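Structures are listed in the sections that come next.
In the two complexes that follow, chain A is the common piece, with chain B as its partner first and chain C second.
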Partner chain A sequence: MDRRSVLRAACTWAAAAGIGALAVTSALAEDTVKIGVVSHKTGPLAGGEAVTHTPNIEMWVKQVNDRGGLKVDGGQKKIELIDYDDKTNPAEHIKAVQRLATQDKVDFMLSPYGTGFNVAAAPIYAKYGYPLIAVSAITDKIPELASRFPNMFFTLGSTTGFVEGARDTLVGLRDAGVIGNRIAMVNVADAFGIELADVARPMLTEAGFEIVYDKSYPLGTPDLSPIIKGAKAAEPDAFVAWSYPPDTFGLTEQAIIEDLDVNAYYTAVATAFPAFSAKFGSKIEGNLGAGGVNPDTPAMQAYREEHKAVTGKEPDYWASATYYASLQILEQAIEGVGTLDRQAVIDYIKTHTFDTVIGPVSFDENNNSERYWSVGQWRDGVFRAVADTGMGDSVKPVAKDGWN
Partner chain B sequence: MDILISGLLLGGTYALIAMGLNLQYGVARIMNLANGEMLVLGGLAAFWLFVADGLSPIATVFLVAPLAFAGNWLIYRLLIRPLVRRAKTQGQLDVDSILSTFGMSFIFVGLMVTIHGEYFTYSYLADPFSILGTTVAVNRLVAFIAAVAIGAAICFWLYRTQSGTAVRAVSVSTEAAGLVGINVERVSAFAFAIGGAVTAVGGTLISTFITLDASMGVIFTMKALIIVIMGGVGDIRGAIIAALLLGLVETAVATIIDPGLTLVAAYVIFLSVLLFRPQGLFGRRAS
Partner chain C sequence: MSRGEAIGLMLAIIVVAVAAVLPLILDGYWLSVALTAMMYVALATSWTLFSGPTRYLSLATGAFFGIGGYLVGLGMSDYGLSFWLMAAIAPVVATALALLIGLATLRLSGVYFVIFTLGLAEMIRNLVSWIQNNFLGSRGLYVLTDFTDADIYWMLLAVSVAIFALGWWINRSRLGFALRIIGSDEEVAKHVGIDTAWSKVVLFMVTGFFAALIGALVAPRYSYIEPNVVFSPELSFIVVVMALLGGIHRLWGPLVGVIPFTLIWEGITISFPNYTTLFLGFSFLLIVYFLPHGVVGLMQSLVRRVGR
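On to the complex of A and B.
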């Protein structure tokens, strides 16, 4: 057998293996509200999904069912969760969403993890009239997407809003005399990293910063030390990395090893993860990163305690709470309408304000919630928001004082 | 100097990734697509024991090695040997082993996701160490030293001992080796098990400085394949040289030109080896 037939056999097998998606059904009562979700149980985004989405879904379903279920049709119906794995593969994802809509005929669907997956699934949600309350989807195309898919809502902000948060934080630190003008900026050469870097480059320059080191690195780079060495050699005052989880960990470890002496150090995705502070302990005191929350509100404190109690782990300090808020919005909208009429629920979401763990949430004409935290800073083991859009409860950023 | 030292350390990492597959494919003739998962499994063991019991990954190595050896030996006996026996040609065996190990990789991923679906990240020996003015991480240095030790041990075994000679004989020709009285099946099972153990130990060491997750195995399988093919199938020296070369080139490109071009550089060398020396650096020309 030649090499080509080997390859063909391997491909056929790959395709066949893909069909056997994993279905988990939690309750089989007759009269339930079926809720579907397609998640990344395996594949590159599985680690993030397992931190930010899955525990919240588990907790929410348990809470709603413990209190008797969703109040619809004059009674109460428990939630039946239908969950498929897509292996972080967009084609698999679309197939599974289609299956939820046409075969399982679920009543509602929860949003997927990752901007690309939200955008890829949006047409199917729209076709079958499901509301899509996107969380882990940060993009500057919100107005276009909302006009094409009137059923799609956004809760975690735009790319520009995010970079503005980082810029404002850096400007604030510069005005306070903590840092100078020199910024070293790196990004992972993948969708979100590239988009953020492209927005940040002109924005930081316009704010009067000088970008003294500006490089990208491929996803999954095993040795990030040349990047930190290069950045260090450029003698920056601040270091900004538009990074993904594995490189957020890797860059920070190298920065500690190289003793990258900057008074502002920013990494993007996963800085807000509990695993980040578990790994580095007190060394990351003063580290900046994407996300942040206000940990002091009673709602947030109750949420964090409940999350720990139900799932056994801490929520992250960023999209965890927002994802839970998206579930609260769906719950309140369904109960507000009082039936499982999806179009009515979509209209309800557009026109009402929801009381959630991140405070009141309502949507503007672009189906966008302009209330989110964008930059957090590690302070005494808590990742506090230091920049936000519309929240107004961020604290002032402080200087990072060495890696101790 | 920076480039030389960082590059050699990265090369050591790559050698850890590839040496096991080289034994499995070169000697046992099993194209093991679950190789990367075996590596990540070693990393998961280190993470799990470190976080739960505070056990040092170095100690975990001595736990993982015999376990992985036994596990891989069983895999060979139970899953692979029937394929070897029924295969009429090497091509047929390739197809069958690719399919079955590909399936196996899913089982491993599923297993690991149920154990820990998040990132396997922890801090161990993440301290600076200065060699000739270059700062390196102690955990990388430890992995490099282990890679050198493992590589040297395997080379010594293959080229200086009788059982190693038998292994090399099998890698040259299973028929001829059988004719001179070598128990080909036993040698193959042994090589497969040793290969699996080396890979898992590599994963344990690598997990101290690279954040792994359950689904990451395929990346390491790809890298290992590239290195094994570049070095020449069945020659451990080739794999080691290819790994060091790749590490040096990637670090040089990242430092001098642009970190964004490391992957490009890796594939350029890979392609040029395929073009100009298709049997690999140390490979034998197909007769």
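On to the complex of A and C.
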């Protein structure tokens, strides 16, 4: 080996070591409450995270710090936020949560985006005694998860609850004479899409509906026109899609092109996003979808205005408000306890009712909040809840009248 | 046993012993880094078993790894089967699949194989989703066990030891000799009467078996399996980069590559979260240009130089 190749190799390693050295970061500030979050800044779930979680965290931290900080230990402490990217990769996520717990020694952690990530992170939150107020986690395993992880709380409902909401909406429309019995149902062939379709199939049949078209498509299918054409050919009265964000947009675009003539049109995830309404404008008037809020309460109105003012973005009409509510719950529990004792905060969350943007929230014996909106409908640019569990403030759904 | 081999064996025992006590010393975060490193040691070494001697660049790791995790999730969640049963079934399924893929593609020359394996993870993800969607149904794939990080780490350590033992044995066998000839010149290998296609297929099945086994053992760590997450093409590339960094001409080469890479990767992830892909490509270039034989190759030529 000659001198030059040794030199080259040395350069390579020096470069690598230099990059490694830069990695050593230290942020030690006294008298702050350290709050950690692991988010998906890149990867498949980055889009959803950027709409539903990140702006809320930014706004909440600013609000708390602007009023002087959290009231703990007889004084006030500002929040110091520590934020890592996991590239939407569960292994990276787990490592980053471990890092927050044992290296940064954060006082509290916020919940991640996505059912899988909440469940993957739950054992670590449990091990180090952090409360985990899960929002973007919809599952039918709530009792089992809560008994395994007594520090884990659920706020956005169960899979069955969601399908029940859709069923009740369709039954309501049928009773009102808007639609008949014929339903075209499609789903994305991926975890949550399969799960929803699996729950919906027997439930809709039991409610007296006839599923005249039942089709799935792989995640990431670029051309969804065969799906909509097939559904149209089956001459349904209602169209239901258990869809993910990209296909919620794709299916709706095709439905407009094909002029899918149904009086009830439902798409799942992302129907509640501001981008959905921004893209299709008045064409989606009367569209049904997962989520919905009651936009008329003063708390919700104030929240939406403030969100826009602080972050420059509109919140979505579903989990945004619930995620903000989860931050309010954490804030109220910490101040209620008055210290940074995490076990005391967990006990406080279990036993108290919290005043939040989505109304009062409390948790049952399964750490579950049985108050959530499940179906929304676009009306004049606002996605209003038309079905809920425990909320009781939904409006009646109306017929979808064409794609104009 | 020669003196060199005896020293090698002693060293190996010491390394394994040190690795085995790590979970007792390390705390949560460093243990999870060690677990990740151990996973990559196992994956990169089993990758090297096939790609080292044959020089067929396989990007199929993500596909087999995904099969392991996915089957464990499916069996435990939807059918109430035990983790151990599924962890035993998954590698067998992956081996059978590797046989089919190997028979279909390894008769062709290198580049077709690389391109095929690149798309394999995506193809299998769609295939299993399609089967699950149309025939099985699902209520979400949960892998809820009582394993701690330390348990998973020890299981992976055991698998790594098994891979090393097998690799050592293959290197000394007729099969290993045949593979080295294939790697040097496949035409020559054919002319001296080696059944080149079959030798390659057998080794490809071995790497498929281990990648799926590792995927199955790691699944409890994720707790919830999503097909688009376990079938990750990035994993295939990281394994290749790590193995190349260490050097693929020695069985223990990847081991030398994985540990520094894991630590640097960790540093990058923390400090420059938005540039990880750039870094991956950059390290690919650096390794290929400056360390074509990996760290091990560099060490060997240094040793030779000093010896002269």
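Convention: the second predicted complex is superposed on the first by the 375 of 404 C-alpha atoms of A that agree within 3 Å, B and C clash if a C-alpha of one lies under 4 Å from a C-alpha of the other, contacts with A are read in each partner's own complex, and residues count from 1 in each chain.
Note that in this section contacts are C-beta pairs under 8 Å (C-beta built on N, C-alpha and C of every residue); 3 or more make two chains touch, one makes a residue touch a chain.
This structure is a prediction, so every number in the text was calculated from the model and none was measured.
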First (chain B), second (chain C), both or neither touched by A:51: first
Chain B versus chain C as contact partner of A:227, first or second or both or neither: first
Which of chain B and chain C A:176 touches, first, second, both or neither: neither
Which of chain B and chain C A:302 touches, first, second, both or neither: neither
Contacts of A:249 with chain B and chain C, given as first, second, both or neither: first
First (chain B), second (chain C), both or neither touched by A:98: second
First, second, both or neither for A:42, with chain B first and chain C second: both
Chain A positions touched by chain B in one structure and by chain C in the second: 1, 5-6, 9, 41-42, 44, 87-88, 189, 216, 218
Residues of chain A touching chain C in the complex: 1, 5-6, 8-9, 11-12, 15-16, 19-25, 41-42, 44, 84-85, 87-92, 94-96, 98-99, 101-103, 115-116, 119-120, 122-124, 127-128, 139-141, 144, 148, 159, 187, 189-192, 194-195, 197-199, 216, 218-219
In the complex with chain A, residue positions of chain B that touch it: 2, 6, 9-10, 13-14, 89, 91-92, 94-95, 98-99, 102-103, 106, 109-110, 113, 117-119, 121-123, 126-128, 135-137, 140, 209-211, 213-216, 219, 247, 250-251, 254-255, 258-260, 262-263
Chain B-touching residues of chain A, taken from the complex the two chains share: 1-2, 5-6, 9-10, 13-14, 17, 41-44, 46-47, 50-51, 54, 87-88, 186, 189, 215-218, 220-223, 225-227, 229-230, 245-246, 249-250, 253-254, 256-259, 270, 273, 275-276, 278-281
Contacting residues of chain C [partner chain A, same complex]: 27-29, 31-33, 36, 39, 126, 129-130, 132-134, 137-142, 144, 218, 221-229, 232, 234, 260, 263-264, 266-271, 273-274, 276, 279, 283, 286-287, 289-291, 298, 301-302, 304-305
